[in-house]
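I have a structure here, written as structure tokens, and I will follow up with some questions on it.
Here the chain labels run A, B, C and D in written order, and each chain numbers its own residues starting at 1.
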Amino acid sequence: MKKETLIRLYRKMLEIRIFEEKVFELYGQNLVPGTIHLYSGEEAVAVGVCTNLRQSDYIVSTHRGHGHCIAKGAKLDKTMAEILGKKTGYCKGKGGSMHIADFSIGMLGATAVVGAGIPIATGAGLSSKLRGSDQVTACFFGDGASNQGTFHEGINLAAIWRLPVLFVCENNLYAMGTRQTQAMLPQDISERSVAYGIPGVSIDGNDVLSVYDAAEEAVKRARGGLGPTLIECKTYRQKGHSRWDPATYRPKGEVEKWLEKDPIIRLEKQLLSNGELSEAKTTRIKREIENAVEDAVKFAVSSPYPAGDEALEDVFA
Amino acid sequence: MKKETLIRLYRKMLEIRIFEEKVFELYGQNLVPGTIHLYSGEEAVAVGVCTNLRQSDYIVSTHRGHGHCIAKGAKLDKTMAEILGKKTGYCKGKGGSMHIADFSIGMLGATAVVGAGIPIATGAGLSSKLRGSDQVTACFFGDGASNQGTFHEGINLAAIWRLPVLFVCENNLYAMGTRQTQAMLPQDISERSVAYGIPGVSIDGNDVLSVYDAAEEAVKRARGGLGPTLIECKTYRQKGHSRWDPATYRPKGEVEKWLEKDPIIRLEKQLLSNGELSEAKTTRIKREIENAVEDAVKFAVSSPYPAGDEALEDVFA
Amino acid sequence: MKEIAFRDAIREALVEEMKRDETVFLLGEDIGRYWEGAFKVTKGLADEFGDKRVRDTPISESAIIGAAVGAAITGMRPVAEIMFGDLTTLAMDQIVNQAAKIHYMFGGQAKVPLVIRTPFGGGVNIAAHHSQSLQAWFMHAPGLLVAIPSTPYDAKGLLKTAIRGDNPVIFCEHKLLYPEKGLIPEEDYTIPFGLAQTRREGEDVTIVATMFMVGKALEAAKTLEKQTINVEVIDPRTLIPLDKEAIINSVRKTGRLVVVSEGCKTAGVTAEIAALVAEKAIDYLDAPVRRVAEPDTPIPFSPSLEKHVIPDEKAIVEAVKEIA
Amino acid sequence: MKEIAFRDAIREALVEEMKRDETVFLLGEDIGRYWEGAFKVTKGLADEFGDKRVRDTPISESAIIGAAVGAAITGMRPVAEIMFGDLTTLAMDQIVNQAAKIHYMFGGQAKVPLVIRTPFGGGVNIAAHHSQSLQAWFMHAPGLLVAIPSTPYDAKGLLKTAIRGDNPVIFCEHKLLYPEKGLIPEEDYTIPFGLAQTRREGEDVTIVATMFMVGKALEAAKTLEKQTINVEVIDPRTLIPLDKEAIINSVRKTGRLVVVSEGCKTAGVTAEIAALVAEKAIDYLDAPVRRVAEPDTPIPFSPSLEKHVIPDEKAIVEAVKEIA
């Protein structure tokens, strides 16, 4: 892999992590309304996938979507402003953390209904195919989502129509407090691809290079007209499910084990050890990102809330 | 297999066939309101499965449900009366062909929403398990139904809870005019069992003995606490999908090919050739069934329609 | 002008819009060449436009709507068919939470030019799972438009407007209307949403009626005329937006209102229209409002039972006479 | 009597009914020992009754309800939880076509003793997919009962009635009510469905209010009292059946009606109640009816926006003053 790509992967993951650490801090200060689902620990998935995409390609996101947004190229300031419910946010404060979208970069939005994005991604794939474009769509969803009817119907439809879609299952072991293996018998969610006659792979979702490679392959298949792929990324959320979750349902030692597999630290170590990155460079990158995030926070915090009656706008196009 | 069982299988299939031929005739005479979905050609499935069940076991049926009813032991007269919309029918004329039920024999009813019976069967299985009973539930549904979200959710739930349910997919090659292979990539619907970590088998659904054996095995597993099985029975509907369907979408020769595999004729030939049945006996059996069906018709035709205002009853228990 | 059946008027709208705009395409169960629609609305379309633009789907209502949403927000204009209105229950999340809310949730970034065609209504003895009229639910789901044509002319004109528009539309068709004939112009036309049509003028009582009930109301009007009660019959044509002005103006004139719609009575279409008048025009009312709708029961199978629950001319006449 | 929070009153009902009747069991997403309910309603229940009777499910709303239906028609009394009312959209077929219609379609053979508990309502900034109030849909689905408790006392009493009954019940809980406290008796009690409660007597204007809006209406009443407008506040407690008599009797007394409910205005809960009065009690009305509900928009995320769409005390006061 080219050095620039490696650095790009590293930088993007870090950007997500630092951005979200800030979100966490801000909600400690009561600046974030509602709830928040952090992506910390899962950055390799969004980044490994989206780095294979063009700006004109699409992604469909979830309630745990900050990482998807940033990996696809969303602006930090407008993302942060949306999370804070500001008028300057991507959705003018109407969407919030669970409903961010940036259509200008092919980020088709997050849905807070688990699994609901899957057939929508199928539709985006259908659209590209009908328009004769070579765009691909990456659809992110969780292990829990793979038990929804929409998973079955949406992937089956994409399969029979050979649509250019990557179904990216972020298996972070839990859906809220429910372990993946408590909610289904197969160990590997990728086995479910058999039901649709499409390829399925299970990979280490904390290794951004594995994700990158799997996505590259799937994108190639998709652009080549060979149809969808189901990619299961085994990963872990380092925090609780949402704002208030102490995550006491985790067995002892589990978090620690997974913290050791932190995708950012892993790549950083690797790049440092083979000389593609230096301590000085990592420090500089971190500084740059911290500054960018700081700017985003300033923008977001200083932005106004929407006026109440703006609630009545945007119901119809 | 015991001779009585063989004769029982034969008799039941014939009963369904002759009953439905009468239904067909009656709707030619405009005595059957609404639409009708005939089971002709698929009798081996219902009979092969239900012959393994006890009266206390449950079945869940579909829009194509006459065969399931009769195989489970429903009375011909009350079934016919319901199909004709009479007050003396199983559902007092409120249900009709697509919504027959007979709770007294564990026939939990037909639903006309394709796939909707699947999670209901899961619930019946759950109920038996919670009550500590050894009842099993057989759930019938079509190839088309296996593309519904309820298939995915319902079977997954039965799998993780190891419920005593037989998921019996009647793959008759078509869902209305849509070929099975046009609606999904796998050739065998039983492959979908992989997604739930349960056994799946595909069998000749026009061979009642194969169906019987597969169901016997699955019932054993279910009663033994080993959970559900997905049984795909490859079969064929000899008529159009419903009342008005000329079924022109079938390739030439297909019907003829399948008529040769008619499950009743097949078993009859077999039993005649190995002496378990004689021509005289088949004639007698047919006569008996024809008489029983004639009685059912008389009962149904001479029964009154419900009074209009009975429509207002039975909304709440 | 030419005479045409309701189902053919719909087909003509589809054909003309597919010719006019190549982003328009159809998807649904058995709409393609093998079946051509459960009610034969899409007859010949796969032949004319190919399987690519007339897409048969598996029995997956959620995915049909979800895929249509995904296509709509990325530049296409899907017309999805749900074979029976009762089966929208399987896709309510996609319809109500996704299609209807995407424009709003995302702050106006995305358009959802999606039409969902689906047949409602009873009268053909196919019982509780194939006979409902659920329009009221879609009125109660902000972000959706709801069309309820009662004539071939309206069906074609409204469907064209729906397809050309940028919002999700629930396009309600009545099973019993498909064979009904009516006149339509030879040339292209559209009908704006939110404009009611007065089907009959009268001074004594206003009847607001929807879909198949418009015809029943007109029959009732004839009977009532003989009894010297002169009713005005208003057909809203779209429920969202609703032409409130037309209804209120008529009530202002007549002082009496009967609302007639299939679908069960409680919290139904008739409730909204009655409430509207209670709120905005009560001073004009000289008598209680009457709602003629299905009783709160599922639709039964047997003809004798079904007939009892679906509003007919007689029920309308009685309701009018109660307040006239 | 003892003081107890709304969520604990619900839990007490569950505990007592599970003790009383071993066919009662719970199923839903994350209701078990690991999470104990998204709103902690089922706290401690898995410990007390075991995983067998307090069943965590996968994220499969359709299968949750479907399985509950199957269990209900075979001798059990399931209480299913749908984590957010907005997600009932994923199970509408099972709720409306199966649970609600089975007793009827099968001619009375089967009973469906099923309770579906689910939280509705806005006010906690969780946007369009987690804040809706869809009660009106369930009123428009024959065969369902709909409970809408506004106090811990009602929550417990109505839930017990729901669990002991033989019909499917949509048991609506309001997110903002969970921590609210109130008095309940120490001993077993139930509350019949279809019996409204007059929360405050008054002569000038009748306010019919539901769930969280009951409190808002009572606040408004205090403000209005200072302005010498004496309102009566009626809490229907169940929407199906609806205590029509209580509403009509109150309107007969006051001659004025304001209906207040979350959920969007068009074809909503307030429409049905306004229509009822337009139909049955118009002669008693001395002023137009007023509906106070959400405007026809999805629920927006930002606090400044959400506050704008959810009815508050001020909106109620204004509506009352418009007609008083």
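The working rule: a contact is a pair of C-beta atoms (placed from the backbone, for glycine too) under 8 Å apart; a residue touches a chain by one contact, two chains touch by 3 or more.
Everything numeric in this text was worked out from a predicted model, so none of it was measured.
Asks: Would you mind naming the chains that touch chain A and likewise touch chain C?
Replies: For chain A paired with chain C, the chains in contact with each are B, D, in label order.
Asks: What is the chain whose Cα centre is as far as it gets from that of chain B?
Replies: The chain farthest from chain B, judged by C-alpha centres, is A.
Asks: Could you tell me the distance, in whole angstrom, between the mean C-alpha positions of chain C and chain D?
Replies: A distance of 30 Å separates the two centres.
Asks: I'd like the Å distance between the centres of chain A and chain D, where a centre is the mean of that chain's Cα atoms.
Replies: Here chain A and chain D have centroids separated by 36 Å.
Asks: Express in whole angstrom the distance between the two chain centres, defined as the mean CA positions of chain A and chain B.
Replies: Distance between chain centres: 45 Å.
Asks: What positions in chain C touch 2 or more of the other chains?
Replies: Each of 57-58, 60, 62, 86-87, 89-90, 93, 97, 104-105, 127-129, 142-143, 296-298, 300 in chain C touches at least two other chains.
Asks: Note the residues in chain A that touch 2 or more other chains, in rising order.
Replies: As it turns out, chain A has residues touching two or more other chains at 91, 93-95, 99, 111, 113, 147-150, 153, 156, 160, 182-184, 315.
Asks: Touch graph across the chains, line, ring, star, complete or other?
Replies: Looks like everything touches everything, fully connected.
Asks: List the residues on chain D that touch chain C in their complex, please.
Replies: Residues 86-87, 89-90, 92-93, 96-97, 100-101, 104-105, 127-129, 134, 136-137, 139-143, 240, 242, 263-264, 266-272, 274-275, 277-280, 282-283, 285, 287-291, 295-298, 300 of chain D touch chain C in their complex.
Asks: Please name which positions on chain A make contact with chain D in the complex.
Replies: Of all residues in chain A, those touching chain D are 33-35, 85-87, 91, 93-96, 98-99, 111-115, 144-145, 147-149, 175-178, 182-184, 249, 305-312, 315.
Asks: Hey, which residues of chain A end up touching chain C in the complex?
Replies: Touch list, chain A to chain C: 58, 60, 89-95, 99, 101-103, 108-109, 111, 113, 116, 118-128, 130-131, 137, 149-150, 153-154, 156-157, 160-161, 313-317.
Asks: Applying the document's contact rule, which stretches of chain D touch chain B when the two form their complex?
Replies: Residues 23, 25, 52-53, 55, 57-58, 60, 62-63, 65-76, 78, 93-94, 97-98, 102-113, 142-143, 145, 165-167.
Asks: Considering the complex alone, what residue numbers of chain A touch chain B?
Replies: By the definition above, chain A touches chain B via 147-153, 156, 159-160, 182-186, 191-192, 194-198.
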